[in-house]
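See the structures that follow.
Okay, so chain A shows up in both of these, paired with chain B first and chain C after.
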Partner chain A sequence: MFQQLFTSLYEALLGLPEPALLTQAFENSIFPGVGLATLFGIALLGALFFYLVLNRVLTTPFYQTKHWLVMLLVLAIAAGALGWFQARSVVYEVLDAKGIVIPAGSESAYSRYVLGFSFVNALFGALFFVLWSFVVKGLSPNAKVTPIRWPN
Partner chain B sequence: MPKLYIFGIGGTGSRVIRSLTMLLAAGATVENCDKVVPIIIDPDAQNGDMTRTVELLKTYERLRKQLRPAPSPGEFFATEVQTLAGMAASENQPRDARVKETFAYNFGGMDESYRDFLHYDDMPVESRYLTDLLFTPANLSSKLTVGFKGSPNVGSVVLNQLMTSPELEFFANSFAEGDRIFFISSIFGGTGAAGFPLLLKNLRDPRTKLPRAELLNTAPIGALTVLPYFNLLADDGSAIDSNAFITKTKAAMSYYQQNLQKLNSLYYLGDQSTGQLANHEGGTRQQNNAHFIELVGALAVLDFMRQPADYLTNNQPLHYEYGLEEDTRQVNFKALDPGQTFRHVARPLTQLQLLALWCRHHLPHTQEAPYANHLQLPRAWRDEDFYQQLQRLLQDPQFGFEAWLRELQTTERAFVPFEDPALSTEHLNRVVNGQPTPTGFFNKGLTRDYLRGELNKALPKAVASADGPAAFIHAFSEVLGKAVAEKIPGM
Partner chain C sequence: MPCPRLLMPNRLPTSGFFTKNTGCFAALALTLLAACSHDKKARQPSDTTAAAPAAATPTQPKLSQLNVFVDMSGGMQGFVHPVAAGATGSGFQQTVTELLSAVNAQKSAQPAYYFFKESTPADARLLVPSTYAAMRSTVSGGLKNAARGSELPQMLSEALKLQAQKPGTVSVLISDFIFAPKDKGQTWDVKTFIKDALNEVEPAKLAVSVFANTSDYRGNFYPGNRTGPQKLNGEQVPYYIWVLGDPALVAQADAGLLRKLAGQPQAHYNVDFAPPYAVLDYLDPTGSWMVPDPATPTTAPRIVFTKKPTPGQPAEAVVGLNLTSLPPSQASQASLKTLRLAAPDAAPATLVRVWLLAQEPAARAQPALTKYTHFARLRLTGAPATRAALRLEMTRPATAWIASYSTNSDSNLKAQGAKTFHLREVLAGVDEYFANEPSAQRLFSLPVEVETRR
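Up next is the complex of A and B:
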């Protein structure tokens, strides 16, 4: 289920993986793995940290929208970095397994899609954080109206 | 609903009522009554002390009217304060158009001389001789515009017009079983020294023509008479000479000893003074800084109201004096007796000071917090009348709470319970003088974040049962009360 979901999400923005020999690696391994890690590991944990740790267990000055936006930016960068490094790692593993050596000067053909994937993952990281924020913020007495009051 | 009618007579009356209003704003409890009706009596319509107190009372009244439901005992602004006319209106009594909706008795602008007031030139010659015996030429030529200039012999004649005034008749008609009366005056001035015994005598007179005489004759009546507590600079151009204060005090007290009948409780207050204030006979320039004695005077009112009615009736006359725990010229909370004054003054005033500090230094920085969002504070603070009145009561440079505290620090017997407010812009660990909040590695004390967190928890419950202003008062009373009890040592 997650595999199909994430594959649809990423390919909706990126198109099919390039080169085509990496399609299976992306659809079976990279998309679901990075997608799940971004959704739960980065976005959800980030939301829980902001709303419950910083603004429920502790009472810190970091409850305002500007702090939430900083958190959003940091998580987006983290999601992008996760996408980049994870995708590169799996791609090179697959190429090694198939005994394919990338000719000199042709790295960009393999890196272009990975780079696009990392940007898209950064966007999804931010989007997932926003969605989790609306789910979790009601539990935070000090930040329940960050970034906006609705639905509290 | 039992009421307390407070007659604040003269400049001292106005100043003590000012201090009392601050205590009421802070949540000090007036027992055995639901409503306080101040009536200020001062023929000097431009008197600086009076106009300042009237503005404060009007602000308090406007603010208090917007709190629905009403605050609980012990919360800020718990006590209702109303004008005589407004009180009758709220109890569905018939209005009298002659009685204005104001806290100050209307003398109708007396700008004639005392001589003209007496119709001296129309008197038979024998009456003129008697008048010349009783009053000096200076008394007779004196204009009544700024009051009686420390001459109670003049005041005792002029103030007789009170007894046939529509205001006093209206007051008597409004008087009910269970109501009480308290007089506040100085013994060394002109208006207070004359007005207090005159009013008392008439209210206790079984043959008085005032309505409900039987109730007035037996109602609990208390009085605060303030002995000299300041001196004035010598000024040949002024009719007031503070060197005569003690002489006048002795004369008045010997009169009281013989003639003050049927008073249930009498409170005496005074202080020795070596400093000198500017000598202004009256008008807008008679505006002395608030004095610690006036705050203690306000406590006399609260003490009177704490006594059960039958105790007052069965033990009259009761006489009270006041003493500090420590005779110091820089009075803080530790110098107050722990049994009474400290209990009634320290916690409420500290809570009000925290509210003032929060509104000035911390509220602007927490307007995105949930508690502020619940109250729509950024907009409400700017636009809604309740918050405008609250800001006036706390911050007005003439009559506000912050100004009152500053003035109390400037007098000879300075009242300095709080540290410099500049120390409280980042946190609130140094609010009470000599009682800082302890902090440690894991404990930051009374910080902005701590109070913000508590307000965030308190506001949703408050808003569920009250509209904005009442929720604000309820939540802040609860949170600041808890903060004072838990975070400030010795409270």
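Up next is the complex of A and C:
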């Protein structure tokens, strides 16, 4: 289920993987793996960290919108890095298992696609963090109104 | 909570949008993330790197029984002349003892050894069971009490009757295959005798491999022409090894036991070679398609189109073939003329080019290509919505050596050279037996499935 969901999300922005021989690797492993890790690992944990750890369990001065924006930026970079490294490592694993290398003509298309994938994942990381923020911020006494008051 | 002294460098600004608190917070967040992401990477779902086998090969039935039959008749005596000390045996002796040794040594199938002889009132059997030791000593040392040999069609039907008793049996017949009908008036109709003998088994379930060889012959040669014997002293006389059995098992036997004979003139009828093959999505693909990993190693490779090709924008795919299991004389004939692509209307496709591994420039950069010997480029101008199968087939090439080994009169073999009486008609009988069997007209028929996604 997640496979189809994340595949649709990523391919809506990126198109089909290039070169075509990596389509299976992307759709079966990379999209769902990185998508789930970004959604729950990076975005959710980041939101919980900001709202609960920094502003509920501990009391820190980091409850303002500018802190939240820094968090957003850091998480976006992390999501981008995760996408980049994970995609490359899975692709090389799959190619090694099959014993083939990316043909010379397709190498630039492949690099472009992985770069695009890491940017898109950074975007999704930021987006998911924003979404989780709205879900989680009610639990934080100090940061309830960060970034905006609604819906609390 | 004041930012820990350690994390706070002195030079951060203390006012403005980004204060020292912000910077400190950012540092904390990054550290935490660094720690987290390390774990996250370890917790990634295990990637489905199914070590996909490179090629699809159909399941092979099990070879469980090997019956070896040697023709024991006066006419074979010259092949198995007793060998003087210090001399080497005849070609027949060397080849057949090697083959017997290989049969004896292999562990996967149960061997059984038989001599053929004529049915007499004293001993009505046509087959005389024997042992490895007895057969080996007969081949090395000569026939004692050589009986009259049984006729070729009887040999074939007896071997097939025995073969039918246990599934998974392959029969290996070694003889000079000189068929001289008792009634000389029937010589014109040799083919029908052979066809009738082979009819013990349905053509779909039988395959025949014929390996020709010649050996020096010392002794009396009895011509098929039924003229008087001719004394030969080392001249070459042909003998043949026939392999009969289930199509896939005969292919196994050819590649295994009989691989030493791979260079000999040979003919194969309905043998199921099943060469390994795959659709290569990493060799110059054109169009939008992908090859999903096969569910099992034996399923046919599938081309899944993400965008349908059209006659104006065709897609091209390369199929790699490994033809090493085919006899070299026939594998070398694989070309655009002998290969054909059977495409249904729903998935129109044509064969564009066939080339060898040696002619492929990408082979150096792409080591996976060395698994294949031939490549065939398909051009697809349409794709079906539901799965359809293309079939890549190779027609059976003609065998030129049969005519050169055949003669209508072998009365004077000394002058003629190595020839066999009516060999052409004997093998024409085999050919006709398989005439209505479409799989016998092809060396292989490899399916490639095509479908569209979304």
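What to note about this one:
What we mean here is this: the second predicted complex is superposed on the first by the 146 of 152 C-alpha atoms of A that agree within 3 Å, B and C clash if a C-alpha of one lies under 4 Å from a C-alpha of the other, contacts with A are read in each partner's own complex, and residues count from 1 in each chain.
Just so it is clear, a residue touches a chain if its C-beta (ideal position, glycine included) is under 8 Å from a C-beta of that chain, and two chains touch if they have at least 3 such contacts.
None of these values were measured; they are calculated from a predicted model.
After superposition onto chain A, the modelled positions of chain B and chain C are compatible, with room for both.
After overlaying the two complexes on the shared chain, residue contacts for A:L123 are found with neither chain B nor chain C.
Touch criterion met: A:A143 reaches chain B, while chain C stays clear of it. When the two complexes are overlaid on their common chain A, residue A:V135 makes contact with neither chain B nor chain C.
Annotation for chain A, partner touching more residues between chain B and chain C: C. Here the apex is the CA centre of chain A, and the angle it makes with the centres of chain B and chain C after alignment on chain A is 170°, in steps of 10.
Look at A:L13: by the touch rule set out above, it reaches neither chain B nor chain C.
In the superposition on chain A, A:T65 contacts chain B only, with no contact to chain C.
Between chain B and chain C the least C-alpha distance in the superposed model amounts to 7 Å. Note: residues 59-61 of chain A belong to the chain B contact set and to the chain C contact set alike, using the contact criterion stated above. Residues 368-370, 373, 448-450, 452-453, 456-457 of chain B touch chain A in their complex. Taken together, the chain A residues at the contact with chain B in this complex read 59-61, 63-65, 141-146, 149, 152. Residues 1, 17-18, 21-22, 25-26, 29-30, 32-33, 36-37, 40-41, 43-45, 47-52, 54, 281-285, 288-293, 306, 362, 365-368 of chain C are the ones touching chain A in the complex.
The part of chain A that touches chain C in the complex is made up of residues 16, 19-21, 23-25, 28-29, 32-33, 36-37, 41-42, 45-46, 49, 54, 58-62, 66-67, 70-71, 74-75, 78, 81-82, 85-86, 90, 93-94, 97-104.
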